[in-house]
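Structures for review follow.
In the two assemblies presented below, chain A is common to both, partnered first by chain B and then by chain C.
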Partner chain A sequence: MKKYWIVFKKSLKSELIYRWAALWRILGAVLEFLIQIFLWRALLGTEAHNGVSFSDMLLYVLINSFMMQLTHTNVAGMIENAMIDGTVSMELLRPISYKGYLLSQMLGKNIYGSLTATVPVLLLSLFFLSGAVLPDFVHILLFFLSAILGIALLFEVTYLFGLTAFWLQRCWFIRFYLYGFQNIFGGTLVPIWFYPELLKTLSYWLPFRYMTFEPINLFLMKTQLEQAWIPILAAFLWLVGLSIADNLIWRAAARKLTVNGG
Partner chain B sequence: MSFIEVKDLCKEYRIAKSEKGIAGAVKSLFHREYTVKEAVKNISFSLEKGEMVGYIGPNGAGKSTTIKMLSGVLLPTSGTAKVGDIIPYENRKENAKRIGVVFGQRSQLYWDLPISDTFDLYESLYSVPKERFRKNCDYFTELLDMKDFLHQPVRQLSLGQKMKANIAIALLHDPEVLYLDEPTIGLDVTSKKVLRDALKSINEEKKTTIILTTHDMDDIEAVCKRLIMIDRGQKLFDGTLRDFRETYNDGFTIKLEFDGALPPWQESSSYELLEEAEHHWLIKSGAETTAKAAMIELIERYNPVNLYVQEERIEDIVRRAYALDREAPEDA
Partner chain C sequence: MKDFWRLFTSFFKVALRREMAYRGTFLAGIIGQWISYGAAFLGLYITVSSFQVLGGWSGPEVLILYGLSLMSYAVGASFFFNFSNGLIGRIRSGEFDASLTKPIHPFLHEVFSAGYNVGYISHFTVSLAIMVLAFASLSYTPTVQSILFLISALLGASLIQAAGLIASSTMSFFSVGNNPIADFLLYDMKEFTNYPITIFPRGIQFVLTFLLPFAFMNFYPAAALLGKPIPEGYPAFLPYLSPLAGALVFTLSILLWNWGLKHYKSTGS
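Moving on, here comes the complex of A and B:
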């Protein structure tokens, strides 16, 4: 465990070197937030539609963007780069699991970005937040549990598809597919609350809604306590299933590996 | 049972043929032909603990591929390799704990952070006890003369400094085996010397088994007693440096210097005139005569002012050995 912690720390420390990049990221995040907020304000006005109020949307955008930021530098890209220039051979020389290494590396790389991008936005959103109801303690706990599962799920799916780089060498296009699926079935652009029945049903059978949408539902107390176990169990089962799958694929990938450049 | 045991090791790669021009590239999108390249063909050797071996061969001979299989990164197509009691490619993580690897053209260092940060990482990765870590840090910092740049970001270091750091981190956990893949590539004369001396001391003091691949024969002469030579994936020679000289020995060169004009050259079967300059000859003598006999004969015949005998350099022997192999048909 200590190994992964230090990989996380060093990856975070590397990120801290570039101060200007952080500043620009803050600016970008603030702009994006404002665009979304004004859009929803225009769409929803001051009343609630489908039981969704403006302040719900605000929290929705906030939590969603934080969780997306946390997996922003995605593992598929990291694997792809390591394949292209052959550094994958150096990473495999270390006595550490490749998956665990990637996860710690990714979180270390992203946590700084997520915090720098979210804190200013959070302060900004205090101006808009009025009449928002904060969740009770149990809901907060459930939210954290479900958010951790969601991030693990996000990582797992990207990792699984990233491993195809061992065969294809390139996998940048996978990012676009994932992004698309997340948008449609995960409700990261338009929340699933506003979806037609068919899409809504479909989304239950895919892993994407459990990544950010279900945690947000818990935070906003839109999921009742009695029903909270359903999305949490679903996320957990997806996680187990995908782990088994990536384990098998990893074994085949290690067999397939060719190292580029000497 | 030797410490490192490599038996009939083979590695094949499938290479897609790429055809000329845009049309060829488009065509290859639909139909692609593959050729199988055997990077390593039936290589066997064994190494005892504490040995220091030079693993040489021309570019593309299969040196790095062998090292990658020994370090558990690549899976052999057939054959086996065993390091200690571990099969590296089946037990990558276990194997990684007891080996150190340096690839001359790659760096394991954090690009944006000082070397000391990478040191910390390796301390945790290999769970090196604090006391021993401290001691090793000091030892390698001293040995490789790294004190001055330990706290500078890696991106601002020179190639030689980075190489030293890479060697140090490969050794921080006291590995039993050290694989060095062209560690002196691109280094200046002084850095090369520091490195060679360091390798010798590490081998002596820590009894580390070292496999060194290089194109610089001076590395081999300075550091290794034993030599394994491969080309086109196959082993050509395995033995001591002395045996290597004897096997491929082709005599020596003699330089004769004259004060005035050169005397007339007398054709003879035992000497070959390599070079003729204003005041000297460079003569090649076959392996069948001794240097002493050749010297006496040449002095009597030509009466030079000065005479120098030069043993053939390892580099020249190696070049000839490669050429000999290339003349032979591929699957001889």
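Moving on, here comes the complex of A and C:
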């Protein structure tokens, strides 16, 4: 565990250098949030639509963007680069699992950026959240459980998509598929509350909605306590199933790997 | 001028061959971008149609708005993305210095040798398909005038997109680090234009019209075509000025680039 903590800290430290970039990222995040505020003001006004209120939407945008930023990573690109310059053979020799290494690196790299981008937006949103109801204690606990599962699931799917880099020589396009599926089936762009029936039904059968959408539903208490076990169990089962799958794919990849020089 | 075309076509052929070397990747990339941009269109459509209207614009009308923006980006970026994105690397590695010794202007040499980016065919086709569908669902009857207007507006919009790419690359002459200011001005500010600008406060409408004229890319042309109101108090001929706005900011961006070039000091590698 200590090894992964070291990777996490190193990766975080290398991000802390870019102070100046952080300032502009904060401005960008604030601007993006303002756009969402104006958009949902124009759409919702002061009324609720399908049981969704303005403050629900703001909390949705906040939680969703924090979770997406925390897991923002291009595993396929990292593997591609490591294969081109040959460092992948070094990475395979490390006394640490490659998946765990990527996970700690991703969290270290993203935690600073997602916190600096979220905190100012959170402060700004306090002005608009006057009518919001905070969840009760049990819902908060369930939210954290489901959010941790969601983050793990997000990473798992990113990693699984990224592993295909071992078979494709160039793979800059993989992230487009990933983003597309996340946006269509995961409600990361538009909450699934507004989806037409067909898409809504489809989304239940894929892992994407359990990443950010179901945790948000728990935070907003839109999921009743009696039903809370369903999305949590589904996320857990997806996580187990995909871990088994990536393990098999990883073994095949390590066997297939040919390194160019290096 | 004849030399210009000869140079352009020979550089173009090289770029095309370079892309086509990885045919499978190229195809997989195009399909991936269809899915990813298709999702963006779908999301926008679901949002707006779930509420019927957004600031007086219906679902298909907002799709046209986003379609114009994406299509003009496809045209502008196919000529200027490689150039804009690659400049910083070429300066860092010292390759850029070779451009200074060529018998054509460094700007032209950079643009030509960076090459045409064929990949934007995916953005172009997806936005074209969505816009055709959207116009059809509005049962819009095109006239010769409206088609000519649309084409001229698209040209102006593509020049605005190109100007953004050129201006952002200018920063590389001053710093070879990340470029967060340009990202903020070009990408974050452009997000406003995914929606009708009339839903935003007047200050933002002013900035998007007169300071960073992104609204000429899609909002004003679409408003003219679909008969939508423009911000109150703005002159009624504004929606027809896209080509002019495009030519203006394109020229300004090249002047800015040349000004940056004057301050360029080689990294010496």
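Just a few scattered comments:
Note that in this section the second predicted complex is superposed on the first by the 260 of 262 C-alpha atoms of A that agree within 3 Å, B and C clash if a C-alpha of one lies under 4 Å from a C-alpha of the other, contacts with A are read in each partner's own complex, and residues count from 1 in each chain.
Convention: contacts are C-beta pairs under 8 Å (C-beta built on N, C-alpha and C of every residue); 3 or more make two chains touch, one makes a residue touch a chain.
Remember, it's a predicted structure, so these values are computed and weren't measured experimentally.
Ranking chain B and chain C by residues of chain A touched puts C first.
By the touch criterion stated above, A:I148 is placed in contact with neither chain B nor chain C.
With both structures placed on the common chain, the touch criterion links A:V138 to neither chain B nor chain C. Judged by the touch definition given at the top, the superposed model places A:A254 against chain B, while chain C stays out of reach. Looking at the shared chain after the overlay, A:P95 reaches chain B, while chain C stays out of its contact range.
In the superposition on chain A, A:G86 contacts chain B only, with no contact to chain C. After overlaying the two complexes on the shared chain, residue contacts for A:L233 are found with neither chain B nor chain C.
Shared-chain residue A:W172: touches chain C; no touch with chain B.
Shared contact residues of chain A with chain B and chain C: 18. Interface of chain B with chain A (complex): residues 13, 64, 68, 71-75, 92-94, 96-97, 99, 101, 103, 105-108, 110-113, 117-118, 120-121, 124-127, 153.
Per the touch definition, chain C reaches chain A in the complex via residues 22, 25, 28-29, 32-33, 35-36, 38-40, 42-43, 46-48, 50-51, 54-55, 178, 180-181, 183-184, 187-189, 191-192, 195, 199-201.
Chain A meets chain C in the complex at residues 18, 20-21, 23-25, 27-28, 31-32, 35, 38-39, 41-44, 49-50, 168-174, 176-177, 179-181, 183-184, 189-190, 194-196, 199.
Within the complex, the chain A residues that touch chain B are 2-3, 5-7, 10, 13-14, 17-18, 86-87, 89-90, 92-97, 254-255, 257-259, 261-262.
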